[in-house]
């Protein structure tokens, strides 16, 4: 079941700025850190043990991408803050869940977005937070879990190597966000399939399990909307050129990305409308079925109640019931019952219940 | 059933810019390309084999309209990109489903809109993507399927030949969009008919098929709204004169088109309100019918249950039941039952159930 | 039943600008044309045969009002277009249904609004399109049907003869729109009565006819809203002084009209809320009634089912049923049944069903 | 029941400007006119017979407040229009119902608002229109009915006598509006009580009367919202300093008033949400009760139907039914019935119906 | 149950400015006043008896924070108004319930917000009003009840002692608001738990208590939204730098706070959507259960009604019923009944009711 996300203090952030005691220890940061270097005719990818190994590279003129998987450890954050002179608020935000946003700090741009992907094994949509720090010649990305996203990005960068902008950090940022947004479409396609499946199932069944599926689907679109809606504003700000870290020749790409995000949001809204339509259809189906059953009940009740009553009458044991001894009373009684049945049928036909 | 549409990678676009290997082959483009030339006293329409045949014409001063049916092939896109210096993003967007939008690129204007038409054979509303590229002396249009739209446009252009603006590419663009918007009204009229039919059917029936029809109709208005709503913004941008490709003397026409689009959107909203009103009416009807059946059941139950019980009493086989042997007990029993029936009727009249 | 309206091609407009062949014929225009001349101490009203009869008057300095009832014929439109140099788009819009709008053309202002009036005979709200063309010293009005509106306007103009602004075409336009807006209030009053009637009926009945009335009322407010909502924007544009045809000393009047339109729109929204409240009340009433019937059924079923079962037991024909021959079994059996009834009543009292 | 209000022609306004014939008569104005004079150390309140008695005071430098109760008569309006040179539109608006608005005329400011008060005797919320005309040294107020509002205002003015602004007409206007807004809070408190009462009642009952109360409450909030919502805009315009009649040193007070109005509107919205929540709860309760009754019915039906059938079998009068003569058939039959009952119970337990 | 809050006159404010008579008395203020002094290397916290004890400290250069628990008394307010030259409106607002707002007065900034905290003992969300007065070198805070909030704030201030901004009153204000907003997340987490619990409960039960829980939860989100929504605007105004009391170097912190508030509001909206989804699921579940029960009833009714009727037929006491004496009639009767049962089953299978 998709979880509701909101600012949870993942780490006790209050202790970070004062974490002097711990920084002494030569404890290894728990996170997997990947260092990618882009230079003239250069594309190197190495996994480093700790952040200190990245520092020599950062002092060169090459474009550096540092990717961190998992929740960053205190030591790592402390070292980063010291080296890049990051604002304490930025460090705090890195440790908590955020809604998608873009925030300029003195020298860097801080971007948060949420990545959605369909988990085929657990048959549900997962979402995780991606944080980006965009500096003059570096970009740092934080992912909650280690997964295929980064490999997908690297492939994309390699394949586009010969395009003109691929050496600037803002183009790299564009590529990262683009991969995330492209993944949204994969998830949308999955939802579209489920919506179609549900509609077809509804024709054949009023099973309660369908109901649960509708509910879960609705819930997933609520979560998706919450994850993607604010991204619209982020991309709007980015492509309007409010930030110096974004060069004008990348605006066209960001505008395209902005359009795609609007398309995603539009499609989610359409899904919501459709799912609520499906729920209405389901409820109406139940109403219709109940109505049909009621009609049958009414027919059974109104036909057999008087008949059974009549048999009851003539089944009484009173001594003086003259008709009991007449020769033709049995056939006459059966005839009376037949007339009752026929007139009932005519009544129901008139009421359009049969 | 109308399908949900969204960005599907129709072609593997990543390979297009690097498609050097394929461009060597003299493979024919799969698409049907129609070339229309407008000049002073000139109106020529020819079907060309490949894009290269269009190039000589493009170098003249005549206004050229190139219409491409079907999904454009790699070769075609590659040649176009090279000849018109189109942006790679524009080429990418041409290969995927987009929401209606207008995007200025260096020298050209890229417009996407969705055409709706009512398919009489399959009794449903079809929608397809129309892409327009507006250049200084040419306009290129892409349609997903080859159909009557283009012939309709050509007729329109011919009939308006003597108007003053018909030689500029922006007036041609206006005509293309106008034909698409006019088609919306045809579809609206079809929906209006269906809405009226549904209302009349509802008076006579609570059939579940009506329910399915309401659902499908609702779904169709959702899809229509998604297709047309963004066009409003596109036309607003176009008629405000934000783009240099649009000359001021066409503004009046675009404003008119903008008004018509708002009218379409308004009417769709009205339909949505009406359809949800019809659904409410249907559900209330079911509620009312169920209520009526319940009343009959209650009457049957409350009248016959005590009567049957009484016949049961006097049908028991106890040896010592003195009333069984009395001479007048049978008529008295019948009288008691009659009193029960009458008092029941009075009770129900008081409750307003009969 | 109020019809959904939208752009219907009432006339085949494409042929109008080329209608040279027909203009030769001296065919009389089918429309009733009324010519009203306002001058210094002058107020003349004449019905003219064809548009040509108006031309001499138009060349004087007097203010001229030309009112046309019914759908304008080709000949009439052609002559008007030639004389006033009207834009082809304006002519096209005159022939189709439009949403309320105001559009400035070179020399004239084109205004569309919808008139609503309550048709007492057919017990429904009718709506029709009113088009106004406001020129430097003339105003042309188009009404779909000939009715009392024009006489009402004329009366109003005569009675206000001595006010200062009554000789300008913009004040005349204000008066025309004001009469239309005043009519909205008459319709609103009618709806308010119906809403009150419905509420009172609901107390006494759950008749399905009430449901149909609610539905029709809802539908009428939807249509009304669609007709009036855009007028708000029209009047906002007019009173803000965006157009040169509107003199500043009429702004106060237009602002007042704008306020009244907002009041109408507000009241319609209030009606919509109320009607949906009434529908909820109706549905809840049905739910409540069904619940009450169900309770009765349950009582009948749970009281008489065991009693009838007991009579069945002792009505069996087994040879060896010792209690059948006991002297006190009948009174004891009746006592057992009495106990069953009493304990049932206590159970239902506890459940609060009685 | 709160009535829907909208522009009703309370007086035939068309005749007012031409009402020369009537003004000759020395007919007394029907309205109660109260004249309050504020001067240096002066606070005089007198009830005058007709408007002419006010004129001498108006020519002094003192601040004059004229309060008129009831619908103003023709004569009164005519005299006022002549003396203050009021615009005919203002006079017309005074005679009709308006939505809250502020309108600047040449020398005066015209303000309309709606006063709400809870009528304890009729147990409902009444609303009436208050019109204010703010001039350079006078303020005129119109109330539909004579009631405690004016005495409350006077008390307030006297108690605040020593504040610095109390001698300007705009501060007097602020006080008048403030008293009206303060009354809104009294009404809100009353509604809050009713909402709480309703919630508690719902726990104990599913009475149809509760339903009616919910409906009436909902209706009252709709009317309240319609009355108060536009006031927000009026106060926004007033405190932004758009009008010369409002001095800057009163802005703080108007801003405070604006905040309170937003608070009222917010609270009404909250009530609407809550009431619709209560309605949902009521409907769900009914659904739940019906479900419970249905379960009982099903139990009665499924338990006793087979038992009664069995007694019927053995109650048949066939001559050759061997089991009837067996010695142990009666106890065996009872045992079979016992087994049926027990297996039914197990079935219902499994279905979680008991 | 969370109460609806709105402007209640907690104190009779009209008497405050004229409260000269009472100020003579040396009555001790009922409120607990805490005085916190921040200086260079100074952090002193003392509880003072009355406001006069604070005045000497206020005249130094140190930053002073005065916290007042409980509703401020007349004497206290009077003294504060005199000392800080506060506007009478500010004093009035302090005595009444307000919606969150920020208002600049001559020298001070007045901020109102609402604190939410989860009361574990009473299992509900409490909300109280926090008022802040921000002056050049002091900040005054008012809390309705004495609780842990203030101790939490002090801890936070102490722990952040070494940050650069901690000596300015605006940073103190930021800290106070930040603590309140952080508390919102605690409440959100509590609601998220409840939502998840409810969903799980719904699978197993259709208990009416779940319904009540859903209703209360919905109500709590309505109240939360009302409390937090306006804070968004307050923080937007604060971080945009509209007020001189806020220094630019605190803007980053306020922007972060603004983002968190938007996140809270977003999450509340998500909860509302989810809760209404849960309500739908609950209602559908009831509908489904009712449907299942109806099917059982129909089966019981339609199977046993004809069977019981047949036994009734052959249980009649007519003298001339030839079949009663036939040898094979009993087995044949049982066979007929068996055929009825089997054909019923086939009918229900076809109807998909079993």
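Points worth noting:
Each chain carries a letter (A, B, C, D and E) given by its place in the written order, and its residues are counted from 1.
Here, a contact is a pair of C-beta atoms (placed from the backbone, for glycine too) under 8 Å apart; a residue touches a chain by one contact, two chains touch by 3 or more.
Note that the coordinates shown come from a computational prediction; the quantities given were computed from them, not determined experimentally.
Residue numbering at the chain A/chain E interface overlaps only partly, since under half of the positions present are found in both copies. Here the CA centre of chain D is 26 Å from the CA centre of chain E. Annotation: 42 Å between the Cα-based centres of chain A and chain D. Each of the following residues of chain A touches two or more other chains: 287, 290, 294, 297, 301, 308, 312, 315-317, 321.
Taken as a contact graph, with one node per protein chain and an edge wherever two chains touch, the assembly forms a single closed ring in which every chain touches exactly two others. Around the closed ring of chain contacts, the path that opens at chain A and continues to chain E reads A, E, D, C, B. By the touch criterion stated above, chain D contacts chain E in their complex at residues 156, 159, 162-163, 185, 188-189, 192, 195, 199, 203, 252-253, 255-256, 259-260, 262-264, 266-267, 270-271, 273-274, 277, 280-281, 284-285, 287-288, 290-291, 294-295, 297-298, 301-302, 305-306, 308-309, 312-313, 315-321, 353.
Those residues of chain C whose C-beta lies close enough to touch chain B in the complex are 1, 4, 6-8, 14, 17-18, 87-89, 92-93, 98-99, 101, 103, 105, 205-206, 208, 211-212, 215, 218-219, 222-223, 226, 230, 279, 282-283, 286-287, 289-290, 293-294, 296-297, 300-301, 303-304, 307-308, 310-312, 314-317, 321, 323-330, 333-334.
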